[in-house]
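My questions will all concern the structure given below.
Going by the order they are written in, the chains are A, B, C and D; count residues from 1 in each one.
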Amino acid sequence: MSKVTSMTSAIASHVRDGDTLVIEGFTHLICFAAGHEIIRQRKRDLTLCRLTPDLIYDQMIAAGCAKKLVFSWAGNPGAGSLHAFRRAVEQDGGGPLELEEYSHFGMVGRLSAGAARLPFWTMRNYMGTDLPAVNPLIRSVICPYTGEALATVPALNPDVTIVHAQRADADGNTQIWGLLGVQKEAAFASRRVIVVVEELVDQSVIRADPNRTIIPGMIVDAVVVEPWGAHPSFAQGYYDRDNAFYVGWEAISRDPAALERYLDEFVHGVGDRAGYVRKCGGLERLRASSRVCAGVNYGY
Amino acid sequence: MTYSPAELMACVAARELRDGEVVFVGIGLPNLACNLARATHAPGLVLIYESGAVGAVPERLPVSIGDPSLVTGSLMVCGMADVFQSFLQNGRIEVGFLGGAQIDRWGNINTTVVGTYDRPTVRLPGSGGAAEIAVHARRTLVVSRLSRRGFPEAVDFITSPGHRMRGRPRRELGMPGAGPVKVVTDKAILEPDESGELVLSALYPGVEPDDVRAGVGWRLRSRDNLAAVAPPSERDRHLLRDGLDPQRLFLKA
Amino acid sequence: MSKVTSMTSAIASHVRDGDTLVIEGFTHLICFAAGHEIIRQRKRDLTLCRLTPDLIYDQMIAAGCAKKLVFSWAGNPGAGSLHAFRRAVEQDGGGPLELEEYSHFGMVGRLSAGAARLPFWTMRNYMGTDLPAVNPLIRSVICPYTGEALATVPALNPDVTIVHAQRADADGNTQIWGLLGVQKEAAFASRRVIVVVEELVDQSVIRADPNRTIIPGMIVDAVVVEPWGAHPSFAQGYYDRDNAFYVGWEAISRDPAALERYLDEFVHGVGDRAGYVRKCGGLERLRASSRVCAGVNYGY
Amino acid sequence: MTYSPAELMACVAARELRDGEVVFVGIGLPNLACNLARATHAPGLVLIYESGAVGAVPERLPVSIGDPSLVTGSLMVCGMADVFQSFLQNGRIEVGFLGGAQIDRWGNINTTVVGTYDRPTVRLPGSGGAAEIAVHARRTLVVSRLSRRGFPEAVDFITSPGHRMRGRPRRELGMPGAGPVKVVTDKAILEPDESGELVLSALYPGVEPDDVRAGVGWRLRSRDNLAAVAPPSERDRHLLRDGLDPQRLFLKA
């Protein structure tokens, strides 16, 4: 039966206070729509995990949803800092936000182990860095063949993972193209999975090109249809990255009052994503140009 | 005709890239340097971004390492597990670009915290892929402007290891890559000596050794015969200003 | 510069006596054309690695190319046995063929470790089986987090890997759709890589759909254009599996003299793949029907 | 109207599958059983083949687990690393089908060698994915014809572990899956008792317990109340003969 539901009910029924939550998407397909609904529903004590917290976790930290942050790069790509995050961490800041810090490779390894349901992942890394000194979860293992020591990171198995995608069918069979990040690993590692898509398509569309399917419906709990749901990040083939918004975030997040106003107006002040898009004055200016590739033959 | 320090930095970095090499690219000057090299002496340069775009040919200046323009028309897009395991850890990356808030005497880089980790005075973004690039890229190029705060005797936190960490040389720690072979600054080029200590190796036009020492937090030693860095060519300046960064997003200063 | 060359020169310059060789392709895209050229060039003492030796390694074993076999399932899918293999291994057989045996997961792990340039791969497997008792390379490691023991297999880093694919450009940027097997892992794990394709395409075709690229040109040493090169296995979108040949192999391989005749006629008796196709009386009967999927938009 | 033992075996196996379950399918009778179930009581059955085809809907009878008809129109095609790590080891496979040349008293299966490993009298294909399916599938169904040689007291080689290996129960060895819950033969169904030993649990029409014992190499015990297996329905026979295997490739005997 169909797993299609509204963002409101998907978040209400699958995201609980105290959960370990992953909203993945590496610069591409970051589900701001889900983050905003989590803020609206005033979820608390979340352990937020992402390689790049990005603006979405900066907003969720400012809104008081986060107890802990697990990450590998906390900046505003090409535009400055995540000031809500910094205020929660720096000496003269309000705090307290618990941190668990890795490198990108470390976070990728944690989710890869989680997806394979192994307790750890092995890598040749971290020699000479101070990261293991501040994160006791970065450990090592001895190779049973060469005797050498290799670095390990523990599996990450979130309670909930939210993945934004270009399209899925009603069962949750999900297709993504362009940057893939660690969406597949995060979904397979998670206890519950919410897929948010730009387009709901008939299953025949999925079956026509099965090599594009990144997440199978069998691991998906809910499908939410939310066009423009990744703004200000982008969806290849649907809309461009809103760089002006990322640049503008520097000033907003630097000023707690301005950030508060932003959340009041653009998150609490709108009932849903459609309201957000209207509030933004529409986003047509970001609509993607057409660069459609040719299909391939699956015949035999 | 004049040029900005940033323009020369991009040109100097570009000159370090050989045709056909596989480069792990960052945003800003490294990206400009790579695309300048592609447009001039290294058309076969293969650009890889940690976001998973391989053989990218951006039609506009990418403002993030995950810009959609890096995907459209690229040779391959793969997941990040492949980026770090099949490409980087596999040893396929010949050049990696690094930069940071602090670079010390041994080429160690700090992009994590200023002050202590638990109560930092400034919290920086963290490693991203820098820690593993510093370990695995066959060689790395560091691009950063000189300043006493930016080039301390020792970094507050080693995010990306250089040539000597807490007294231990990188070979002893089993790192596959050669580490930072050049530090491209706004006034000069620093290179490691046989012990791994960064020393002054080449000066930009009109720069005196003391100008460089003024921007370094340790007693900077010099090579006996300092090289002179050539200014950007007419063509390089034209490509950078009118082609690669017309709005001067990264070339301003 | 172009890496396109003939099968004869690709095998002559990249496959050496004593090499550890992988010709991968799980039922799909098995490069018989390369195997036949290796037989024609009378390569010797090869360590042949494949999950499923299939007919191609049965032929290479019969032709005397193999010193050792590393594998996980040595049957004739749905049609019987690989008798040259059995004769080399069974009590009353001629032998001697050295064996190193795993399960499919074990072989996948060995190539995954090789591709990541790690010395081993970890899995939850082999408890209760007799495989570790006959293969001392199946070992175990203790998890630095849970303290539990997990199975390990050593990395496999072949001297040469040969991958058949639907298409590639002259630099070796290779696209595969349909069953992917472990081609990507085998190519990244290998010191040298030969890609054999049904079609050589302009680089613009590859760049139009970069998510389909499985193997980047930077790790490819030679590109050989060999239509029908995977027969009697198949190439999705190009030609069907020749099941009659697989069924017929039972009788041929059961009789050493018949197998000898087959090699004389279809391998030594033809100069190249084109000659083989003619010898087969053409293969048009296997030409794939058209089931072309729609393209996706890479615009922004 | 008559039916072959193979037809009844396919029907019995099909009855074990519940709608919506995820099944790791093999070629032959297991494939027929799965497609029969899909065509009758379990339209939502998700078929996964170790070749990487997920949600396959073959338009013809696949003769190999890598048949192109498994790909065309499937829900997803993934590499084999994902098949074994993200699906099987991840615990997503609810039912796995196994079979083999030897099945012993404890449900251990041998598909490796008859005789000794080093000098076998018969060299069998080996594990393929069977060893890990036996460990990880939530439950497995074994499909095999009875014979004293095929059902020995103890297998010559344990390729796929059952309920007790060299005296040790599978729980003690930390296997996630429940192991073989039913052995579907051509005369009857065997099931493990609480100790893990296979016992006679259900008889096919017209079969006596002694007919079954004649095909088993150990003193086969019986449940107190044996169930009676219903013959294939008219519809099942029709589907199998005219729809799924018209050339009777797997339904002959």
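What we mean here is this: a residue touches a chain if its C-beta (ideal position, glycine included) is under 8 Å from a C-beta of that chain, and two chains touch if they have at least 3 such contacts.
Just so it is clear, the structure is predicted and the values come from calculations on it, not from any experiment.
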| item | value |
| --- | --- |
| Chains contacting each of chain C and chain D, listed by label | A |
| Chain pair with the higher count of C-beta pairs in contact (B-C, A-B) | A-B |
| Separation of chain A from chain B, taking each centre as the mean of its C-alpha atoms, in whole Å | 28 |
| Centre-to-centre distance between chain C and chain A (centres being mean Cα positions), rounded to whole Å | 37 |
| Distance from the mean Cα position of chain C to that of chain B, given in whole angstrom | 40 |
| Gap in Å, rounded to a whole number, between the CA centres of chain D and chain B | 58 |
| For chain C, residues that touch 2 or more chains besides their own | 117-118, 123-124, 148, 177-178, 180, 184, 208, 211, 234, 236, 240-241, 288, 291, 298-300 |
| Two or more partner chains touched - positions in chain B | 53, 68, 71-72, 77-78, 85, 89 |
| Interchain contacts, given as pairs of chains that touch | A-B, A-C, A-D, B-C, C-D |
| Complex contact set, residues of chain C against chain B | 115-118, 173, 184, 188, 203, 206-208, 210-211, 213, 216-219, 298-300 |
| Complex contact set, residues of chain B against chain A | 27-28, 50-53, 63-68, 71-72, 77-81, 84-85, 88-89, 108, 112, 115, 117, 119-132, 134-136, 157-161, 165, 168, 170, 173-176 |
| Contacting residues of chain A [partner chain B, same complex] | 26-28, 51-52, 71-75, 77-79, 81, 85-86, 89-91, 101-105, 108, 112, 123-131, 134, 148, 177-182, 184-185, 234, 236, 240-241, 243, 246, 288, 291 |
| Chain B - residues contacting chain C, complex | 22, 46, 53-55, 57, 68-69, 71-78, 82, 85-86, 89-92 |
| In the complex with chain A, residue positions of chain C that touch it | 117-120, 122-124, 137, 139-146, 148, 150, 152, 154, 166, 177-178, 180, 205, 208-209, 211-212, 234, 236-241, 288-300 |
